[in-house]
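Alright, structures below, take your time with them.
Each of the next two complexes has chain A plus one more chain, namely chain B in the first and chain C in the second.
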Partner chain A sequence: MAEVKKRSRLKNARGWLFVLPGLLFHIFAVAIPAVLSLYLPFTEWNGLSMPTFNGLDNFKQLFHDSIVGAAFLNNIKWALFWVTVPTLFAFFLAYLLNKIKRGQTVYQSIYFSTSIITVTVAGQIWLWLYNPFSGMNFYLDKAGVGFIDIPGLTIPSLSIFFVLIADMWKGFGGNVVWLLAAMTQNDKSLEEAAKIDGAGRFRIIWNIILPQLRPTLVIVTMLTVLNSFGAFEMVYVMTGGGPAHATETLSTYYYKLSTTGRQAGYGSMVALLQTFIAVVLIAVYGYLRKKKGWDV
Partner chain B sequence: MNHRFPKLLTVLALASVFALSACSSSSKDGKANGDANGQEAEESFTLKVPDAEIWGEESSALQTMYDAYEDKHPNIKLEQVTMKDDQTLAAALVSGEATDLMLMDPSAAKERYKSNYLAPLDAYYSKYGWDATMYKWAKNAYVEDDKAIGIPWNYEGLILMYNESMFKDNGWTIPTDYDELMALVPKIKAKGIMPFAWGSSDNPGVDDWWVTSIVNGVLGPDGTKQLFSGDTKWTDPSIVEAIQRYSDFWNAGYVTDKKSYAISQDDSMQLFLTGKAAMRLDGTWSLAADNEPDFDIDFAQFPSWKNDGTPVIPLGVGGGLVINAQSEHKDAVAELLNEFFSPEVVKTMAQHGIPEPIETDYGAMDLKPNVSKALDMINDAAKEGKSGYVAWSYGPPRVVQVLESDFPSVYLKKTTVEAWLADLQQKKEQDVAENRIFDLANY
Partner chain C sequence: MRIRPNWRHLPLLLAAAFSLFPMIFLFLNAFKKKSEIIKNPLGWPLRWTTDNFATAWEKGHYNVAYLNTVAVTGITVILMCVVCGLAAYGLTFMKTPGGGVFLAYLFVTMSMPIGFIPIFFMTVKLGLIDNYWGVIIPYVGGGFAFNVFLLRAFMIGIPKDLLESATVDGCNQARAFFAIILPLAKPAFTVVALFTTLSSWNEIFLSNAILQSDGMKTVSVAYLNFTSKYGTNWGLMAAGGVLTVIPMIMLFLSMTKKFVSGLQEGGVKF
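What follows is the complex of A and B.
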């Protein structure tokens, strides 16, 4: 009996040995920084010297900082855009792809190809296209249709949408793949039955396809919204949050505060706000999943 | 009895011995080697230094310096490390992974010296006599708490670059003050040419050059000193008026057709080089570039932003070399730094339009005509008391951070000039309270 226990303990110890490297990495690279990130927002810290506790000063500053408000609004615009235009576009393309019998993989690869381009390169491509003196407008003018003027990044209030178009170009292929994969799992007999009963194409989409896709759409939408509140790369590459914070997001703002701004303490407070938003969104998703049965 | 345990211990002990011996033969062993003549050679180790290609041609003098040092010290290996930006360097410093020798701008160097990341260099200044020919104002950019903390890399000024052929063909003359500038720019615009090419989408920090040129032109060298470190306030009516003038100037379409924030600095240079723009605000560092447009380029002092003012060339240091306080080989790094003053390195720096801030005979060097002319222009301005101060070398850190990130808020009218300058003044006062300003005595 004792021998069995000893073997079992040894087996457990071996298990821990295998887990240990990963566990230590997680403790030092994730857990400790995560706990520290709950303390840093309440400090004055330039990112170099030791942080000094300053109570709720950063919290108060957060509510007086107009840039935080503008950045938050841009994150909302980002989320609204991504859950509508690219998602509908991806759904439409996935629906069409699902209908074709030949060359589906080729089209899928083409749509997905932009997703494998790095953000830096994608951003630079769109910067060239948007260049008001040598980009799309220049060639439209050469083609004799100079009356079509694409503002690109020249109108600050519209800049965020043109950055979004670049981001959509880079990222919508992923949604197409997700939705297409879900559509191929749909029960085709339901569509056939609806057709025999005389249902039109729109009714089939609305009453047969969409309800079956709901779990995928819920998770795609959830991830899209969460990603939207972390929007950083494309904005940083294309505009750096400018001009005059017109394209600022919470992520670009706290990055700048923490690095060039040397206000890592306050930057952490802005990051904490972003985490709080993510927690609220996840809680809403949890509620919908539990109470409304929006299971995935 | 489990017999495997002692075996395991033996294996671990042996592995440790091998690991330790492997470490000892690596970069930080400090072992002494005898040379062919039986003399005791110097220690063998590796120094981590900045990548000589970090700024392309502009930083090629580093390679000249490294080569000269390695020739004299064959046992010391220089490992070039790329720190792609200051954020990467800051992270490396905090984690103890920064290079032994570092490139750093003055304000960052001061912050980091206060946090004990940089070594004081007074002893090395005395030992090698680095400041014998160094301009005092340049050395002072790297003085904190009366301690020398770095070596200024170069000096640089802001100038007006213009299309000489275009000016000749149209009979235009170079403006020297605001009135002349305002008389000229409508004529240029009427020809369908942009008066100024400018771009800041890739680096909003360059807008700081405009503010620097404007305040130097309006206040003069002494007034600028007072604005950065003395009693003159950013809300001074002359500054309010000058910044408002720039906002009106920009909104009149004289700067990249009101699209400067939508294109990069390189794009704006292309506008200038293709003859679509007549002028550029630029730095002396760009004069060595091999641009070959089909017209002549010339440069002059940037016009004063005062109605009848005289031009001032704002000068500053572009960066500096500092020693990591955690370096185990500070003496060796100092000796490497000493190569920075060797004739070959001084010449390489000057040839790239970024002269070292030391008194030397540039006339004896084979410099490009543009570079020679710029050096003469700077020297003449300095002699006449017409050289000013760039904000990125001498401005209060918090103020500079706003100048380098938020100037578009003014000309895009997201705020009023008065409110924006009041915010700058508040930030200056914070820096004064925390003793983070450039000491008036050190100008």
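What follows is the complex of A and C.
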């Protein structure tokens, strides 16, 4: 009996042979880097030589670095913008799409099509549109309303907002597709019943559609916030974090520190801060899901 | 019968214009002469020219960049489908001991931000800077968890009886995978292949740092250099932009439905 059991266990263990090739890639790309990311922050390392342990020096530097504060603030702005403007916009479009009979797929493909544009090209297009001498301002001047000036990236305090518009242009389509997919699974009869009872459009949205969408909205918001704290590509391509760190995010900062800045050890500490934020966010999400019964 | 226009199409069309306008603008400028763009930046070209494309192809070294991108993307996609498919099979149809714990572990790693600096460190130490494998390994390893879940979600729907009857007939596990599961799960593999193609073609975070020399750059990164070099010649840059995105646009246009339905399923299941 024991013999048979042992043999079947051996047979079952062959399943790992199927997992192994992928697991090797995973170990090199995720597992080892994850372990290293806990060690490198406590080293002095220029990105080329071997890292040497320097204790909490980088940790102290993190708290005296005003750029980290500015970058962190920009990540928060990024998250606040993304969970409001593009999400509401996507919800509005998905709501309308859910009501029309024809062309759903065409609209969805158009909205999503911007996501397939390489970010280096997408950023360049928006740089043109914001250009003070051409782009949109050129036509505002021509139309005789030259006093309306789209500042684009020229005013440092506003430039992050204009990078965000470009990023929204590139990324809102996926949200439309997801929200619509969730909406089509909603119970239609509830909506009908409410309509017969004389409920207005906004009441139906608030009391019937939104509660049913909550699991999807929670997930989409969660992913949006997580992505916001990793915001990198559009910023790097459009401004590189400038002017004078006005659009710096944690990711662009540690990317530059580790590649051209020759301070990879300290950069790792900044990256660790980012990971820490992600862990906190996931923990909060897990808590809400378990304790408050936010079913997903 | 009179067709009643639905008012809902108005905001939907405006949003569509918001999406399409910047892309149309890129395409139109690619066909204009440098002198024309200054006078007419956003409008229809008065005189069409294709000179920009030829110049951009040559000055941007697009032949090399294309070769690099196709190699990186091709190898990544094939490897991704093979290793994720095998793993998903092992975790769905075989009673792999510890499989449940492993899946939970994969799920946790999925939500963590990728460690760019450690990957960069390892690439330097393994001597993989300026080597295709320097980016392929992180691409495949990074997408592994997500794609295993995606494929597994599909494979769970395949009846187990099919496999059991095959194994009774003396078909081994590896053959069962290639002869039975692979054809049945083709829609899921297509989705994995499409999104992997898209993400590795467009990736700049790692490839910008790892594929450093001009001869190794992928198109997305090469375009970044191209724009900083020819920053004032807009016709040329628009043409370069078109060259960079055109393969993905073709792919998207030919498989639009697959992209949208893949996205929908991904959104519903996760």
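Rule of thumb we're sticking to: the second predicted complex is superposed on the first by the 284 of 296 C-alpha atoms of A that agree within 3 Å, B and C clash if a C-alpha of one lies under 4 Å from a C-alpha of the other, contacts with A are read in each partner's own complex, and residues count from 1 in each chain.
One rule holds in what follows: contacts are C-beta pairs under 8 Å (C-beta built on N, C-alpha and C of every residue); 3 or more make two chains touch, one makes a residue touch a chain.
Since the model is a prediction, treat every value here as computed from it, not as a measurement.
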Fit-or-clash call for chain B and chain C when the two complexes are aligned on chain A: clash
Residue contacts with chain A in the superposition, chain B compared against chain C: C
Touching partner for A:154 - first (chain B), second (chain C), both, neither: first
Which superposed partner A:13 touches (first chain B, second chain C, both, neither): second
Partner chain(s) touched by A:121 [first = chain B, second = chain C, both, neither]: second
Which superposed partner A:219 touches (first chain B, second chain C, both, neither): second
Touching partner for A:130 - first (chain B), second (chain C), both, neither: first
Touching partner for A:262 - first (chain B), second (chain C), both, neither: first
Partner chain in contact with A:43 - chain B first, chain C second, else both or neither: neither
Which superposed partner A:243 touches (first chain B, second chain C, both, neither): first
From 9-17, 27-35, 63-71 or 81-89, the chain B stretch with C-alpha clashes against chain C: 81-89
Common ground on chain A, meaning residues reached by chain C in one complex and by chain B in the other: 47-48, 131, 134, 259
Contacting residues of chain A [partner chain C, same complex]: 9, 12-19, 21-23, 25-34, 36-37, 40, 47-48, 51, 89, 92-93, 96-97, 99-100, 103, 105, 107-114, 116-122, 124-126, 128-129, 131, 134-136, 138-139, 169, 173-174, 177-178, 180-182, 185, 216, 219, 226, 229-230, 232-233, 236-237, 254-255, 258-259, 264, 267-268, 271, 274-275, 278-279, 282
Contacting residues of chain B [partner chain A, same complex]: 86-87, 90, 93-94, 111-112, 114-115, 117, 200-202, 204, 257-259, 261-264, 267, 270-271, 276, 397, 401, 404-406, 408-409, 412, 414
Chain A-facing residues of chain C, complex: 6, 8-9, 11-12, 15-16, 18-20, 22-23, 25-26, 29, 37-38, 41-42, 79, 82-84, 86-87, 89-91, 94-97, 99, 102, 106, 109, 111-122, 124, 137-142, 144-145, 148, 173, 177, 198, 201-202, 204-205, 209, 219-221, 223-224, 227, 234, 237, 241, 244-245, 248-249, 251-252, 256-257, 259-260, 263-264, 267-268, 270
Interface residues, chain A side, partner chain B - complex: 46-49, 127, 130-134, 152-154, 156, 238-240, 242-246, 256, 259-262
